[in-house]
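After this come two complexes, each holding subunit A, first together with subunit B and then together with subunit C.
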Partner chain A sequence: MLEHGAVAPQLFNGLVLGAFYAIVAIGLSLIMNLTGTINMAHGSFMTLAGYLAYAMVSRGTSFWFALLVAPIIALIVAVVIERTLIRRLYGRDPVYSLLLTFGLSLIAEGIYHKVFTANSVPFSPPPALAGTVALGFMNFPAYRLFIVFVLVVVFVLLALFLNYTRFGLRLRAAVQDTEMITALGTNTQVLYAINFGLGILLAGIAGVLASGLLGLNPTSGNTLLMPAFVTVIICGMGSLYGSLVGGLLIGVAQSLMTLFIPPASEVVMYVLMAVVLTIRPRGLFGEEGVFG
Partner chain B sequence: MSEGAPAGPLLVVEGLNTSYGKISILRDVSFAVGAGEVVALLGLNGAGKTTTIRSVLGLTPPRSGSIRFDGLEIAGRPPYRVAQLGVGYVPEGRRMFKDLTTLENLQLAENGRRGDWTIARVLEHLPKLAELRSRKAGRLSGGEQEMLAIGRALVSNPRLLLVDEPSQGLAPLIVEDVYRILAELKAHGVAILLVEQNALLALKLADRAFVLDSGKIVYSGSASELRADRERIRALMGLTDAAVEAAAPPPAP
Partner chain C sequence: MTRGRIATIAVVVLLAFEPVLSPFIHVDVTIASAALLFAIAAMSANLLLGYTGLPPFGNAAFFGLGAYGAALSLKYWHVEFATAAVLGTALAVLGALVLGPFLLRRRGIYFGLLSIAFGQVFYFIAYRFTDVTGGEDGMNFSRPFLLVPSLRLRETAFYYLALVVFVAAILAFEAIVRSPFGKTLIAIKQNELRVRYLGLDSNRFVFVAIVISAAFAGLSGALTGMLNNSVGPLMLDWHQSGDFVLSTILGGSGTIWGPLVGSIIFVVGRDIISSYTQEGWQIILGALFVACVIFFPRGILGTALQLFAAKRHG
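The block that comes next holds the complex of A and B.
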């Protein structure tokens, strides 16, 4: 049997990983829900924010500033791409935008490869977050606690934004009936652009934070993307809290599996997905027919 | 009701042709709605009534023709622009945002057009909605939803309301309620383009009427005259005697 001492840290590591999955999955499902776009370039935007932060920090900018600004630059890039390319495919079969964003991710990967080489670049958290924090029953790396803190704040702000602002209200309504929302005087193109940017902002924040934990190379964003897609599928689309629960579930399942059957840690989420889809095809929290 | 022909109509539609793909729905449709006037748009299922409304709003942009609202050409403009100019929409089937509350449904229509109608005033005017303000719209009854659809359109302070089949699927008593509200709006000076299957009901409220048949206007004239001429209604809309009588409003006391 494993000793008790090994389980708690892995559980916490799983929660950290799961928080990443959740935030990335929420961004994916915001975009998928409103415009039917399966954004295969989501991971590339995470990596973009990571590289931007790395470039800033290696030129002497503070980590904190980079954490704030890099995701915003990623957002701006995303909105430009959405307005010039992705938007043209709205209303068509989702395969079109899937192929487009997949192509974009390959182009992005090529660019990162050229500029930063295929090797991981050293991007470490600032000294202030380097040590560990005593939690009483165990010591936990300060950076991981910081990640959890930031992602919780982001999640709460997002929930407040969606539930208590004019814009959030319009987003929630547009997911239900885009045509009616435009007939009531809202420019849906603006909604699409901001919604896409919002999804990428979340990805960007996760991308910067993850770079300091999991490393940064041309494909590092994509390592978080698959679990996030699985989260979206397991939870069903359109549920903020569903994505949170699902992301944490997968993170913890993966982490604990490395203790018990290490080779199975990569597979466990797909097993979970298969089980959930067999029992409840629309996902744990999904509503029937959300996808049209 | 007399024919209130105002100077300079609010909505002027001329030579409208609208098609879905290759199928032509509206052919050379022309009509006008004066400020504060109620105009009934009648016809059988598939005659093109809803398409006319969708063309005016820009939801189904016309292939050709002119739509002027308050002197401004709006044909082909995006629907949100048309709405912002003061065209309110009460859609067929009500199209509630079912997961949102009554109040949120109203808030959605706040699009910056200021005027007499605020959410507070709408709730005051439709007290039933005030009681249900925090209930999800999907859990309202059909009649309550129709009122909410009307209230929602009012919040944007429209000068013209496009109302599509407001009596559809509602019990007769509720239909009376809905028409009473529409009559009040008319008294407030809101112009209404009213699409209705129930011809006699609509003609009671309307000043003028148009009848569409296969995408063409086959009658245009005074609502009261048409209403008095059951024979004509029957001929225009292919209704049987029984259908016309069934659609007749209850006898006046």
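The block that comes next holds the complex of A and C.
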């Protein structure tokens, strides 16, 4: 018999999980929209930020500092890789950049294995976020509330950045017509690099936060990658808010399914995906013509 | 006899001597069998990637369905070798008939995403439904006899069986890509819109290509499972699909023999390097992906054929 009180926390857990999916999916689709690159190494960058934060915290730095700095280091690594390797494949068949980033993720996993072994390393949130918070109708872990808070802030900042800055404007224009914006004098190579870095910054923040919640091992980032892919497919390309709604939808669907039919919790998002593709092939919020 | 035919026969004769040469070239017969079977799966990726222009990152699902189909029919029905192989292949084809209509919905990178995502469904099914599939551990079994109980397949016999199946597969593959159907696939790769304007339902061709591809992958999976006497969920994982695509590109996608070249390098290389270091193999494999994509996008055979053609013309 199902306890009635179990549904509300589980719904909330689903929203937390969904917020992760959304942030990762937004990073993926930023990169995919502009350059047609499916970044299979996205999960490895999340793990990278996680390990960096772990290394900092275990050497005595504060969690807050690590949360800020680790994603930025991941961003720098990402831009270097984008400039030296991924850049060469723009304009070629997307299968090549997919294979390249797949190769990068294998290299990264191999290195993580060597440095940190295959076992999970202990990475727990700081004491200030350890307890639970009474929400009136239920008690909820403080760290999860903190995650929601950070991800909301990140999302708002991103929306402001894309909609109200000159750079965001150029980015959105480049997605629609790269040739035109080049002709108007924008250096698209700089756009590509910053855009890639931005996607990885989001992944890095999610990676550090997720490490404290879901654990940290060489492949932990990849567990968030597949739901993020499905989010991108369900929502379609080119919609920030679409990814948010889709991510939350999948997170909640998964969490509730864990309550009712546990073995089906992973499969439920694929069922959702199949249904959406049948009814609306371009995705729920996809614009017609963007990536067919 | 054409030049191509002579080359084909030469390669097959060379492959037939592998068990004799094995002590000298230090390639175990079992590894050689694995390479041939791997090549059949890589051919299945090649049909979609090299001839239809679709990035197939879900072919491990069909490969794994073939393996699990064979393993389950051994577990529940105690069938012999050939029946298990046929049933495994049939399960893979069934999987393609179910997934095909969804995969068809998109082209280009979206097809890649869809194939990764839908392929993972079977991974989770195998992983989760422990009672039937053995979950994370997979299933172990002893190799069944072939047709009659007295016909036991030891390693060398298995190699010749794999060689026969491989030759049949590559001849079938050659016939498919040279047929009007195969030409239509190539036309879809080059310009699908034009194919549609010519009055052909391109979706139907892509669907059939996916089903044929699944049959090749399923056959390979069923035989690979019975070569190792075990199956596991990693056979269904998208990393496995990536390995097939890499081998195809390494050898030369869009060429008939490319997947064999890539598969031999991949399987033999993996065997040699991973006997020293497991993480080392992963790093080298990753570097191979990167190098192959940046320096050899046409693959080894593709580059060789191009040089050869350039020389002849000029």
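The working rule: the second predicted complex is superposed on the first by the 290 of 292 C-alpha atoms of A that agree within 3 Å, B and C clash if a C-alpha of one lies under 4 Å from a C-alpha of the other, contacts with A are read in each partner's own complex, and residues count from 1 in each chain.
Assume contacts are C-beta pairs under 8 Å (C-beta built on N, C-alpha and C of every residue); 3 or more make two chains touch, one makes a residue touch a chain.
Remember, predicted model here, so these are calculated numbers, not experimental data.
Asks: Looking at subunit A, does subunit B or subunit C touch a larger number of its residues?
Replies: Of subunit B and subunit C, the partner in contact with more residues of subunit A is C.
Asks: Can A:G91 be said to touch subunit B (first), subunit C (second), both, or neither?
Replies: After superposing on A, A:G91 lies clear of both subunit B and subunit C.
Asks: Counting only touches as set out at the top, which of subunit B and subunit C does A:A274 meet: first, second, both, neither?
Replies: second
Asks: Is A:G131 touching the first partner subunit B, the second partner subunit C, both, or neither of them?
Replies: neither
Asks: So in the superposed three-chain picture, is A:R170 touching just subunit B, just subunit C, both, or none of them (first/second/both/neither)?
Replies: In the superposed model, A:R170 contacts subunit B only, not subunit C.
Asks: Now for A:I181: first (subunit B), second (subunit C), both, or neither, which partner does it touch?
Replies: first
Asks: Mind sorting out which residues of subunit A both subunit B and subunit C touch, each in its own complex?
Replies: No residue of subunit A touches both subunit B and subunit C.
Asks: Across the complex, what residues on subunit C touch subunit A?
Replies: Going by the criterion above, the answer is residues 49, 55, 57, 102, 105-110, 112-114, 116-118, 120-121, 124-125, 128-129, 242, 245-246, 249, 278-283, 285-290, 292-294, 297.
Asks: Mind pulling up the subunit B residues that touch subunit A in the complex?
Replies: Its residues touching subunit A are 57, 59, 78-80, 83-84, 89, 91, 95, 97-100, 104, 107-113, 152, 156.
Asks: Where on subunit A does subunit C make contact in their complex?
Replies: 32, 36, 38, 85, 88-89, 92, 94-100, 102-111, 113-114, 226, 229-230, 232-233, 263, 266-267, 270, 273-274, 277-278, 281, 291-292
Asks: Using the touch definition from the top, list the residues of subunit A that touch subunit B in their complex.
Replies: 166, 169-170, 172-173, 176-177, 179-188
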